[in-house]
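Here's the structure, in structure tokens; my notes come after.
All chains are identified by letter, namely A, B and C, in their written order; residue positions are counted from 1 within each chain.
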Amino acid sequence: MSYYLLQALNALSFSVLLLLTGLGLTLVLSLMNFINLAHGSFFLLGGYIATQWLASGAPWWLAFPCAFVLTGLIGLLLDRFPFGQFYARTHLMQVLLTYGLAIIFADLMRWGFSADTLTPPLPEILRGGVWIAGLPFPTYRLLIIAAGIALALALWLILDRSLWGAALRACVSDRDIAETLGLNARRIFTIGMAVAAGLSGLGGALGAGMLSVHPGLDEEVLLLALLVVVIGGLGSVKSVIVSALILGFVDTFSRVWLPSFSSAVTLGAMLLILVARPQGLLQAQARTV
Amino acid sequence: MKTAPALAHIRTALAAAAALTAYGALADPYLLRLATEILLVGTAVMSLNLVTGQGGLVSLCHGSLFGGAAYAAAMLAQQTGANLAATLAIGIAAGACLAFLVALVSLRSNGLFFLVVTLVAGQLLWEVVFHWREATGGADGLRGFTSAAGRPWWSQPVWLYAWSAAWACASLMLLRRYLRRPAGIALQALRDQPLRMQALGYSASRIRIGAFALSGAIAGGAGALYPFLNLYISPQAVHWSFSATLLIMGVIGGIKTLHGAFAGAAIYLLIQTYLSSYTDRWQLLIGLLFVVTVLFMPDGVARGLRRRGGP
Amino acid sequence: MKPALLHLRGISQSFGSLQVLRGIDLSIAAGETLGLIGPNGAGKTSLLNIASGFSRPRAGRVCFQERDITRLGASRRARLGIMRSFQSSRIFPQHSIRHNLGLALRTVRGGAYAWMGGSAALRESLEQADSLIAHSLFRGRGDAPAGALSYGEQRLLDLLISLAPRPPLLLLDEPTAGLSRQEAADAMALLRSAHGSSTAVLVSHDLDLIFEYCDRIAVLNLGELAALGTPEEVRRHEGAQRAYLGSGP
């Protein structure tokens, strides 16, 4: 029983990482109708940044904001060129552009950070574990869970209670009308792209202590992020939270029960959900004709 | 009496056949293998063009269709020896069945959702292939799967080239015919006006399933011959990154064409072969190729299918 | 009194918290032309969507030819004989006029999905398209690409496509929107020539047209049926006037 509690906590911490990267992807998709297959690269980069930072001896807790800011900056630059021109293009073109960039980034990171699997040295306070129901659970993962809850609250506050959040939601809803109200959609897109990249980078930074960083992680995370976005349905933070939880739990427990074919089981389960609900679980109803 | 355009087509076809034959007679084994790879992969790209260019559905599973058929053929050869007819048959069957299954699970999906469903479906197959060591060799793939009888005659470079060219030409003719018939016209119409087609009573499901099955059969036939190129098949051929590669080949050649698929495959494979022998950072350059293509050449090199008031 | 071809019973529709239709009851008799009018946002297109299967109602039933079709999708209903057109012309611009019509005809004549044996079905549908064209204003222009037509002509082609399969029930969403007087008259003439076998529901803002061509008129306002009757009855009806002009002094 306590074993399952621990696994549930594991699943929860994994869900937080999925939430962070899934939020970025769904933000960009809902706001600019832009499919970004380079999204996993931000996650991986965040992981490398955190690993370097933690190894350098600087204050450990700054690693995460640093990753957020640096990857956010890259997102901002990419929005300038070449993403910005592609928001209006077809999905096929976006897929190929971002996939090509993902290959480039992957190779650059392999070149810069080596092809080895790296694990960041955790600060004293985060090493070791706590006892939960008689079993040890890594302290670090508790940090991830706490960060996730804090973030979800912060996001809810910003989106629901602030003017900036309202502006964002307006643009997601109807860009043209929002522009007639004086909102600068282009600037909001840029900020959206930067925040999306930053969130993914933050996820990667937090995840480094749990998953380690290695080439190929970007591709794994991309697939998961795409699933998170699509399973939940587009257009709301709530749907991303729900699907991140579902995917996190299915993935963790399939590893527990069917270790050799766990990925196949996870993918199969997600496929079944998509067959049953082709628009995602929480897709809002809208007039289509 | 044949019309002028029909005569022009016959001339082109004859010229192509002559060129292919001459190449086969004169080229050395290395060049033959290169051309064979272009023909086989190009056929897979052409099948993708049907679904993506003509059908408007961006698919990330076609690599898995091709690779899945390749594994089926290789495993059959391991069991029963490599008979050409049986190999082609199982490839076509495997490709068509896999495609049919993917079509079923993606029937109600569009846009990004369709993309993800095909990606997931293909990756599901990869997971099975990668982890089922006993049957598929797992990460190592399958090697030397011809039986004690030795290498089959038709897998010699010249013969494999000839059969690959034959399959490529047959597929091209089959697809051209499909696109000129009601089924193909309906596929394109569904891409252009999905609501109108629904309102007219067309079943989008039926159109999609038909197009997918045909696409899978063609990719499967090519996939079946693929392992005999180097007597080796690896899980990489089933991975979704290979599907993405097929997509870029399609776009390089012109996603809305059929014959452009071979141009796209040729350009990509030649660049990849050259680059990987030239530098360690060839993957970065491949990524650059993707980016450059969509920035500067999104319509591809070959001309689009002509429309003269109807196909 | 002729039996009802289409019967809408208790239809309600809402999007989120916005209620678009409230408990609509409407019957359309075989052979009649019903006009559906009302101010913007009244729910006319939503009602058409529900009748044609393009959206599901929150509540209520749709019956066609005595059969409950509420759970059937749009293309299934089209195969049963319900033909819907849209506010904007949805034609195939790169195809010729005859190919546009051939596409529509193959759904009833068969061969819509034909491949290996398809050239015969293709030829037959195109021949039938040719005879349709010969009796229409597109006479002699069958090979022209549909994309080269003017807006008005495209709208007429759109209408012709809807009429070609001779469907028992037509649901036309603003068929004459954006057309000149002459083009609108051409459109109605086209409709009239097929009317004998067709029942039609016309949604339109062109009140002159509606009052001239329709047997009965239904007035929708804020999701409810404000008035239903012959043109004379509706013209005198207070609820109808209020719907368009607002409650006056």
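Quick note on the criterion: a contact is a pair of C-beta atoms (placed from the backbone, for glycine too) under 8 Å apart; a residue touches a chain by one contact, two chains touch by 3 or more.
This one's a predicted model, so the numbers in the text were calculated from it and none came from an experiment.
Asks: Indicate, using Cα centroids, the chain positioned nearest the centre of all protein chains shown.
Replies: Looking at where each chain's C-alpha mean falls, the closest to the middle is B.
Asks: Which chain's centre, taken as the mean of its Cα atoms, is farthest from the centre of chain B?
Replies: For chain B, the chain whose C-alpha mean is farthest off is C.
Asks: Using mean CA coordinates as chain centres, what's the chain A-chain B distance in Å?
Replies: Centre-to-centre distance between chain A and chain B: 33 Å.
Asks: Which integer distance in Å separates the CA centroid of chain A from that of chain C?
Replies: Inter-chain centre distance comes to 46 Å.
Asks: Measuring from the mean C-alpha position of chain B to the mean C-alpha position of chain C, what distance in angstrom results?
Replies: Roughly 42 Å, centre to centre.
Asks: Which positions in chain A are in touch with at least two other chains?
Replies: 289
Asks: Could you check chain B for residues that touch two or more other chains and list them?
Replies: In chain B, residues 195 touch at least two other chains, as defined above.
Asks: Could you tell me which residues belong to chain C and also touch two or more other chains?
Replies: Residues 54, 86 of chain C each touch two or more of the other chains.
Asks: Given the complex with chain A, which residues does chain B contribute to the contact?
Replies: 52, 58, 105, 108-113, 115-117, 119-121, 123-124, 127-128, 131, 195, 240-241, 244, 247-248, 251, 255, 281, 283-284, 286-291, 293-295, 298
Asks: Quick one: which bits of chain C touch chain B in the complex? Just the residue numbers, please.
Replies: 52, 54, 73-75, 78-79, 83-86, 90-92, 94-96, 98-99, 103-104, 106-108, 111-116, 118-119, 121-122, 125, 143-145, 161, 165
Asks: State the interface residues of chain B toward chain C in the complex, per the touch definition above.
Replies: Against chain C, the touching part of chain B is residues 177-178, 181-186, 189, 192-193, 195-204, 206-207, 210, 307, 309-310.
Asks: Enumerate the contact residues on chain A facing chain B in the complex.
Replies: 29, 35, 82, 86, 91-93, 95-97, 99-108, 111, 219, 223, 226-227, 229-230, 260-261, 263-264, 267-268, 270-271, 274-275, 278-280, 289
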